[in-house]
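The first chain written gets the first letter, and so on, giving A, B, C and D; residue counts start at 1 in each chain.
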Amino acid sequence: MIIMRKGATQEEITNVVAEIKKHGLGTDVSTGEIRTVIGIIGDETRISATHLETFSGVKEVRLIETPYKLINREYSALFDGKTESRTINAGNVVIGTDRPVYMAGPCAIEDREQLMQIAAQVKAAGADILRGGVYKPRTSVHSFQGLGSDRKTAEEALTWLREAGDKYDMPVITEIRGESHVELVKEYADILQIGSRNMYDQDLLTAAAGTGKPILLKRHFGASIEEFLSFAEYIAASGNKDIILCERGIVPVGKGKSFTRYTLDLQAVPVVQKETYLPIVVDPSHAAGRRDLIMTMSMAAIASGASGLEIEVHYNAREARCDGQQMITPDELARLIEGCNQIHNTMAPFKNNDRAERCTN
Amino acid sequence: MIIMRKGATQEEITNVVAEIKKHGLGTDVSTGEIRTVIGIIGDETRISATHLETFSGVKEVRLIETPYKLINREYSALFDGKTESRTINAGNVVIGTDRPVYMAGPCAIEDREQLMQIAAQVKAAGADILRGGVYKPRTSVHSFQGLGSDRKTAEEALTWLREAGDKYDMPVITEIRGESHVELVKEYADILQIGSRNMYDQDLLTAAAGTGKPILLKRHFGASIEEFLSFAEYIAASGNKDIILCERGIVPVGKGKSFTRYTLDLQAVPVVQKETYLPIVVDPSHAAGRRDLIMTMSMAAIASGASGLEIEVHYNAREARCDGQQMITPDELARLIEGCNQIHNTMAPFKNNDRAERCTN
Amino acid sequence: MIIMRKGATQEEITNVVAEIKKHGLGTDVSTGEIRTVIGIIGDETRISATHLETFSGVKEVRLIETPYKLINREYSALFDGKTESRTINAGNVVIGTDRPVYMAGPCAIEDREQLMQIAAQVKAAGADILRGGVYKPRTSVHSFQGLGSDRKTAEEALTWLREAGDKYDMPVITEIRGESHVELVKEYADILQIGSRNMYDQDLLTAAAGTGKPILLKRHFGASIEEFLSFAEYIAASGNKDIILCERGIVPVGKGKSFTRYTLDLQAVPVVQKETYLPIVVDPSHAAGRRDLIMTMSMAAIASGASGLEIEVHYNAREARCDGQQMITPDELARLIEGCNQIHNTMAPFKNNDRAERCTN
Amino acid sequence: MIIMRKGATQEEITNVVAEIKKHGLGTDVSTGEIRTVIGIIGDETRISATHLETFSGVKEVRLIETPYKLINREYSALFDGKTESRTINAGNVVIGTDRPVYMAGPCAIEDREQLMQIAAQVKAAGADILRGGVYKPRTSVHSFQGLGSDRKTAEEALTWLREAGDKYDMPVITEIRGESHVELVKEYADILQIGSRNMYDQDLLTAAAGTGKPILLKRHFGASIEEFLSFAEYIAASGNKDIILCERGIVPVGKGKSFTRYTLDLQAVPVVQKETYLPIVVDPSHAAGRRDLIMTMSMAAIASGASGLEIEVHYNAREARCDGQQMITPDELARLIEGCNQIHNTMAPFKNNDRAERCTN
């Protein structure tokens, strides 16, 4: 990371960028109120810090020893003198403000009528963003893979999703599972979702980033927080910092029954908020895998400071072709949003208090 | 499990119990408002259900296919027709009611003055129960092991703990790490704590149960919830159902930094509450291992429905001989209790709603 | 799975296939010496078994309750009356015979000279197949990503790999990391490798399968064996059963140092061999992450019955731009192959003995 | 660790030891051929290195930053100038030499006849040491707990074990599960076994160490290797270095079926051998939990360099009251020992070669 002097000229900046590119590396130029900082994208060891410090306009070359630099709070602090969190716009909704955002809808889009009905219902219940899966990641090739398994039904399903979002005035989010989905989905969706199983798929992350759309990246169920942020960095390194992180549960420990599909790691919420300026939301539906925990864990997630929730909703969970056991009804969603908003309001004055100090041990 | 007919006579019950004992098995006789139920303790396969069903007064012999039967909600429902949670008395405090209970104090008792000062401070901050470690479980034999490492200082430390509890009108809780600690500690403590590393130590559990004191059992950091409840069953099988369960964090997943010592599994709270009638509390201090997360995660724990919290507190964390980086100050504790009580009140009406239904998928 | 009668006609088979396709499902038709069996690819619940059993020529419709059916030993046993392991041809090498196969080469191709020199050396040491990475999966976007990070250098590197393979008469294997790599790599490589981080990437698996080339699929470091085989099934479901499975280490357990990058799960070798007819090889280099364990663990892997090894080799590990600490020298490789072949010969008569019986508990 | 000068007098040594004890710390005095080294047992930070260096006869005070020092190869190298592995005598058997040692017998002792028969059979098959469980650690209080569940049958079972060992000239090993078992068991057994579930039980380790008997310590199924060695250090810190380490499998990763009870971590064998001078053996029976893998994994364990194996054997596994599905027959044991000895002989010349170099990356 090259920290330029206050008042460094555009020419000086251009010279440094050119020198870095000559070594086959990319750059991330951030101009803040105080100064410009140039981040190196790629293997920094290919260029000498001492050499770069001889360039005109360079104040200091600093090595950040972490696999995620561009999404790091400290990094943005350097050139802006502030450490504000990032807010992300998706249609008429802003994620990362002081108000929790609710994304809701069916696990999988099954047909137009199902989607339209659920869209109307989640809107009435207070949802901000409509979710609906077209390309479903599944452990078994013999399970229902979503309408995305055929190009024609994929596009139909995406059309319905757009139509439902427009009709009920909600931005829409849907998952991309492979690079080959990006071109089609970006025409219809406001937010591109990358699922847990694909978190390590750096080429998919890069392709998605290239659309310029906000990306919701779910933590892999076997990934540490450091790995999670390191792969989010792939998106930022492609020039797109509109990244919404999502905790959706990790693999349970031990032998014997865990009683839930995954373990919801709510400590990840404040930890991620301290490490990065990106917002983090929680998906309690996939973590629990059972509907009777969704209400409770949603409130706990909001109490932990999450910027929003992604919830699977169906008017008739028993009919759902996918994940029926973890869906809640629209009525339950309305109650959930009411409860979560109250928790958020209760928690707010205490939260600021806690975040002020960063543990240095 | 042998379900007796309504109105079965004491003689009929005695006959069944005698028959079971003849096979080298133990019994747990529960007489509720509706009927008496006899639980078999030990390997049920050693006795024939069909044979037992021929006994006078026996309505039905039912096999419960779970390693924990005595602490099971369904089991108590059978003879009482109700599924109420258990409340546990420790001195003047009741755990498991609708009011969260706060246990606070230093990680380790260091000297009389330190303990007295912290006791006064946590009392003033609103704590209900005083904690203080004498026998410290440590990964390294070369770390400070607590005053328990010597028999004489162990008893001194226990005397101070009792004195502090009496002076500030708080029941006291301290850890037993080996069978050889039970006799001494039971003379001083109101609640015996069994730590994470000892959860699998069935002989310690049995010895502790024999004191008749309430036992706080922490989940091992590598144990599934099924294992956790299976080892709690060892305590119940020794005739002591005054068991307080405690979630204190599990081993993080994945490669790379996790940023916390353990992963706090808050889903364990509602899951345990559905499986058993025993109360569950949360220890956010050991889970996080860093003080800047304690406030946030305490509120999230209360939102998840925990019956209380165990928090490490020290007036001068930097001086603490053990776990300094995760202790909070008495002032922070006061603020924490205020926040948690507000969250509890906000959450309460929504919680009942959620617990009514049990997912049957 | 539809089991046809002996002597069922082609027309009867075609009718059944057509009926299945009418329900939006795929088929896998296997004609063995005894009879034809039709596997359903996709969600079997969409078609009624009772209905299919009314079709002419159908003997029985059987539900296999496992997410992997096509690669299952039991499945092939049904129509062939035998359960032989599959052998896979790659150039002049056959994988899955009674002779272990050694794949060796650099972690990453760095330049033409480096690759040519190592190719000559591993050939001399006794290697069968040349490995060399072009597209490197990396946790950090700031680490060296391989020559694949640029389309032009990617193709150059692939050209060198082909040239080295041809010159030294070894088939070549290289990794594809995203769908967009498949078209290019299939022109140059004999075996397509899918790395640990991409195991869950079902679209990549499907795209790779479509080339008809043998696929080496590495187990994800957080995947159970059932998940591993379930994703291999995606390849088979695309009509390509030339799948080489590879165990390369899973995430270590517990807190504190593990002393290796991953935990090598050698039980996976006999387990996989009992579940499927596909060959499994072992990559000790990535599991250990340190060169001083490679020799020992290679011999252990062969003793566990592995069909081969994939080993990272470099003439000057300290110069290597990637994974230097786990590479061995060509001389060490020669010694390793000698030792492994001796272990293989020693183990062989005992192995057959063990495999005859399948534990049914 | 205090390194004394060559030729330091006994008085000088005594003075240093006294000073350390004054600070409430323990000492481990090792006098080798070259010099004496004094290890500090307990929290080193309580005493100043600079202060100790002023004492007469002290050459250097060195801080070893690892939770296990006394069992460390580097430590013994300091005063002996050599890094030889430790051999441990149990009756007429030596563990840790160049010859693998086989411990075999039933999971649980059921009655005198069963034990005598199996003892005769395993002796005939080539076993060196007889194993038999009296105190069985079980996840469920409702499972068979071994004859140890009653004091009278416990002592009977131990008498039979001693008798069988004497009759067939094999030292005997049995498990202690709680501190309260130590006094009784030490009268009968040659080696005290501490099982996986009790590895973290530091008071049990200390009590066992005090008997002076060799201790076989099994790795907890959720413990890292560093934790494993740190708890072995508790035994050494009590003055007993006759410790046999045992790898018996760790918790499987991921979702879905693992097909084995635990994951056998054979990399632990060479890793432990490099870190410590203590011998390590492998228990493939509990790791696999199924008999059809025992032969294969035993050979792999020997190829990885294990100093021996512990195997569960029963003449009629289906009758066994505990772990029937993982027992092998005496005939299978004979074949296993034959195969393992051949693998050991094949591996031997290659192993030395590998161990010479220690990776320094």
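Everything that follows uses one rule, which is that contacts are C-beta pairs under 8 Å (C-beta built on N, C-alpha and C of every residue); 3 or more make two chains touch, one makes a residue touch a chain.
Remember, predicted model here, so these are calculated numbers, not experimental data.
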Next on the checklist: Are the interface residues of chain A and chain C largely the same numbers on each copy, more than half shared, or largely different?
Outcome noted: same
Checklist entry - Among the chains, which has its CA centre at the largest distance from chain A's? => result D
Next on the checklist: Rounded to a whole Å, what is the gap between the Cα centroids of chain A and chain C?
Outcome noted: 32
Next on the checklist: Can you compute the centre-to-centre distance for chain B and chain C, using the mean CA position of each chain? Integer Å is fine.
Outcome noted: 47
Checklist outcome for this item: Note: chain B residues in touch with at least two other chains are 67, 139, 220-223, 227, 230, 251, 253-256
Item to check | Interfacial residue positions of chain B with respect to chain A in the complex | outcome: 67, 220-227, 230, 250-260, 263-267, 269-271, 274-275, 287-288, 290-293, 295-297, 299-305, 324-325, 335, 338-339, 342-343, 346-347, 350-351, 353-355, 357-359, 361
Item to check | Partner chain B, residues of chain C touching it in the complex | outcome: 139, 221-222, 251, 253-256, 261
Next on the checklist: If we count contacts the way the header does, which residues on chain D are in touch with chain B in the complex?
Outcome noted: 40-44, 67-69, 137-145, 177-181, 197-198, 200-204, 207, 220-223, 227, 230-231, 233-234, 237, 251
